[in-house]
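Look at the two complexes coming up: chain A is in both, with chain B in one and chain C in the other.
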Partner chain A sequence: MATLFETRKLGLPLMNLIRLEGLPILKQLHLEEELFRTSKDNWCIINDGTDDPTIVMGISGKPAELLDIQPVLHDEIPVIRRFTGGGTVIVDPGTIFATFICNKEAVPGLQPYPRPIMSWSSLIYEQVFQGIGNFRLCENDYAFGDRKFGGNAQSITKRRWIHHTSFLWDYDARNMSYLRLPKRAPEYRMARDHMEFICRLKDYLPRSTFINKTVEALGTHFSLESVVYEADKDPSAIKFMPTTRQLTREELEEALSATDLENCSAQFASL
Partner chain B sequence: MITRRSFQERQLVSAARRLLFPQFSLAPVPPSSEFPAALQFYSPLSCSPSATETLSSIGSRVRSNYQYTLMRFWSSGNALEDPFCGGLIDVPLAQTGEGIAECELLKWYVKEGDQVEEFQPLCEVQSDKATIEITSRYKGKVIQILHAPSDIVKVGETLLKMTVKGFQLEQDVHDGLESINSPSSVTSKSRNCGILSTPAVRNLAREYAIDIANVHGTGKDGRVLKEDVLKYALEKGILERPPLDVAGMQHHNLEGLNNQQSETAKPEYQLNDETIPLRGYKRAMVKSMSMAATVPHFYYVDEMNCDALVKFKTAFQQSNSDPNVKHTFLPLLIKSLSMALSKYPMMNSCFNEKSMEVILKGSHNIGIAMATPNGLVVPTIKNVQSLSILEITKELMRLQKSALDNKLTPDDISGGTITLSNIGAIGGKSGSPLLNLPEVSIIAIGRIQKATQISEDGNAYAVSIMTVNIGADHRVLDGATVATFCNQWKQYIEKPELLMLHMK
Partner chain C sequence: MALRMWASSTANALKLSSAVSKTHLSPAAIFSLSRCFSSVLEGLKYAKSHEWVKHEGGVATIGITDHAQDHLGEVVFVDLPEPGGKVSQGGSFGAVESVKATSDINSPVSGEIVEVNKQLTETPGLVNSSPYENGWMIKVKPASPSELDNLLGPSEYAKFCEEEDAAH
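What follows is the complex of A and B.
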């Protein structure tokens, strides 16, 4: 039996696994982008929580539309624009990240398009959450029933794709006030307010169990090899320039000014 | 010789078919037995079973079976109208996944005049959650880029034009350009090299048999806009101005006049359709109104004398020392509404259809419907029963500002127990609003207008009248309840001193 299992694993594509804890999200995204753009290997990165609350927007995110800039500036919340698509999140130590970076042929038969990749990723987590909650992929979100606990974003190039997820292990409702209601909302949200739309993963299984089961599920698709990430690199040795970056204070102030100058055309409910 | 020609023909057919499919670099799918093995197909559609699910009107025309798609596009040809226009190949934004009807163009990797290799990245687009790199299917030269970063490009819309080496047809078209005389030739084979314009504008130019290269573009980077084509058409007499001699038109019979006007007016007022995807509040309104429409409504209409209300508002304004506070009628209406709800709690309830229960809500969380640039939104003033009129005024101002700034929080727009729609702020006497489920009543108030009433002694006098229209869930409320509630509210509005009498 053990021999059969090992034989089967030999036939699986190789994937490097990096397990991190509390790595700042900007560093994590830089690492992901570098591996995505320069490596030819498959990678899985799991970051168990990040440090200070940070806002992360998608590649085309506009602060004026997505953020309540004044309190963001006042409270000095970092704002990052990442290299993948998707929406805006605010992450903190209660967020768990899981990222898959694959060559397009890594998963046999998987077409490198958003929907197939999204569906494939849900298969991994179906294994993780087997018997726990009512896990399903709702449009582009991971949900228990109709309550979201994980948001996804992707980037797809000629040869590779990346699919990364931020899981709401726990969250501070007050942090949500930095974010505006997005113009686009998934249909299954059904006009629910935010607190009725999302749920906490911690209400379903222990933190370490979730991470371990994710690694275990991934291990049925890939032959995993653990890799140690060295965060402190000599800056002069870094040759890759990521596009993911933190917005400057000046950029946020400029966005705020532009918002203030817009003509008000709202019809008030006042007489 | 024969071998070479047949190879060229197969290349042409192969290229034509490949035009129908995206420019992603994909693993070739096994060719069908229906097609020659030499043809290499790259189809994004023969993928997971989930690909058969379609959500958009465009996506619904694309099926996972690439053979079906091939035949469909081949016969209709709509998506690829005249792909070899002017020797150029239209490179469309191909289907990036089912349900995706459009993408945002993020950046170009190439520019006009660049030579590109097969599978070389052309641009990056974003569709919902993913950024996607679009690669070139061909080796060739970029002639014309049709979209700028941040543009929303529909699936099937042309991204760029390029010349591809080895096309016999391209050579023929270039050779034939010098001798083109017929309008159809001009419109179908006009030189578009270097002319920026959208497909819709080029279609319009073709319609008027105009060579778009001759039209001066006033758009960004010299882009030719629709207005430019229409202006050119007017200048060249292709488009007639609407007739100015009205007297001259009187000799025509009505039918002839209509025909002339319609024939003359039609090109000037012909507008392209515009598709607006509904997002955010507007999308939510589709859902909420659809559900509300299933509830049996009845409406109760009454008029209220607002003379006292006007006096109170004036008095508040005159004694107001806070420049940040602006007194209006609405807080008075809201407070008096709450007082009336205390006596008729059934109006402030929610109906649970599944359990057949009515929940009488303890808090008076009054929703105020607001029209914002982002759509209809209903923020709520919580616990009005515990607020003073001044507190209501300040909270209302905060919600109005937040709505304008699109900063309403989830808490602001949830928990409502009854809704007030001040449609009169925009205009109109009254409206018939739809319930904001699961609430059982909603009130639309019209504009306060001067009206004439006759006193008992027969004298006419002016009053300020406001029409209210109460929409109610007839499964829960009956006419008598609503009528008596409205009478009570009306009493508080017309005699605000009663508010003080009952205020706690």
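What follows is the complex of A and C.
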């Protein structure tokens, strides 16, 4: 009741805040998709790290184009296709996730299109990184200067939008080798390989400081109410079927065979 | 200050174009119109969620408007259903991907999908370059043609877009 009174006093819209630690990324994405599609509330989800290294592609991601499939299969790295757009990332305990799910009216004057939403979210992170690094929204990536440390993606419906970001707190350089240089890359990347293109957030501020400052910045736009997430719901009680899913081994093997066949045909044609 | 940051980066002036007169214009002239303005065609009906519908010969052809494609940015992927499926007025039937975002596409009418534009699989950019012609998305056999009366005419839609852009 006190929270409700404070909300009315401040005139800020309500936002539910879920803080997680180490939740598997597939579970996080399922939670986000369900809240996005079925809830009428505004939500912020922060997941401080996930568990095992996992590759996450956007809705239109093609494994053959984006991944070095052979080592992915050999090392049994899970590959997920998520419900939002955007590119491919490999996430692990060094990744911090921050997600905003909002009703269209939650941010006054904000048009529900990709660029305006990204401009707004960059205002939040400008508050977080004030005086730290040379933070900017660089062709839709979060970067310090020209080095990317956060990739984001979105989904927009008639009444709601979701903007979620994976921040590279730290990363294992070996994991980047599972990813190919994407065909579609921002101009500022200038064909740099992963190591030259990305940077670690841990070189700029402590982990807990980043998370706390993100919550603090969000608190200047919304009245935040903490919600406890109950994992492992009774499967018989689950009614929502998410589209985000892990690709099967067979699908990855099929993609690899198709790639091998293409390469053979190309070699044969060149003879 | 904050509003300026997230307002639409282009102030769109909307011009009405006659679907008939389009055929008399050279492709270059039509394109130069679109560069500065979002075009709204006569002879079509429009939804407030920025889809258009052309009802002709018992079939409704559906796509997204020039205003929508301009705001979305370069479309890189279009997710469409299979023929035979059903759509309902205002309900989502697919999505487009642009600038790292998927955006739902909603059907202006209810009915059965009779054809899907398979060209969009290989060439999703048709949605940007030709939103009212080659970028059409689905064709529907309308269940209730009177639903078209609930939609906006060209002038109403043009005004709606101007007001929407002005409010942001």
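Things worth noting here:
Basically, the second predicted complex is superposed on the first by the 252 of 271 C-alpha atoms of A that agree within 3 Å, B and C clash if a C-alpha of one lies under 4 Å from a C-alpha of the other, contacts with A are read in each partner's own complex, and residues count from 1 in each chain.
FYI, a residue touches a chain if its C-beta (ideal position, glycine included) is under 8 Å from a C-beta of that chain, and two chains touch if they have at least 3 such contacts.
From a predicted model like this one, the values you see are computed outputs, not experimental measurements.
When the two complexes are overlaid on chain A, chain B and chain C occupy overlapping space and clash. In the superposition on chain A, A:P182 makes contact with chain B only, while chain C stays out of contact range. Contacts of A:Y113 after superposition on the shared chain: both chain B and chain C are touched.
Chain A is touched at more residues by one of its partners, and among chain B and chain C that partner is B. Of the two partner chains placed around the shared chain by superposition, chain B is the only one that A:M195 touches, whereas chain C remains out of contact. Contacts of A:N47 after superposition: neither chain B nor chain C is touched. In the superposition on chain A, no contact is made by A:S166 with either chain B or chain C. Looking at the shared chain after the overlay, A:L123 reaches chain C, while chain B stays out of its contact range.
Contacts of A:T88 after superposition: neither chain B nor chain C is touched.
In the superposition on chain A, chain A positions 58-60, 83-87, 109-111, 113-120, 140, 152-158, 184 are in contact with chain B in one complex as well as with chain C in the other. For chain A in complex with chain C, the touching residues are 58-60, 83-87, 107, 109-111, 113-120, 123, 140, 152-158, 184.
Those residues of chain C whose C-beta lies close enough to touch chain A in the complex are 2-3, 5-9, 49, 71-73, 76-77, 79, 90, 92, 95, 97-104, 106, 164-165, 167-168. Against chain B, the residues of chain A that register as touching in their complex are 58-60, 65, 68, 83-87, 104-105, 109-120, 140, 152-159, 176-177, 180-185, 187, 190-191, 193-196, 259, 264-271. Taken together, the chain B residues at the contact with chain A in this complex read 24-27, 44, 46-48, 50-51, 96-100, 104, 106, 119, 121, 126-133, 135, 150, 279-280, 283-284, 287-288, 326, 328-330, 368-374, 396, 400, 403-411, 413-414, 420-422, 424-426, 448.
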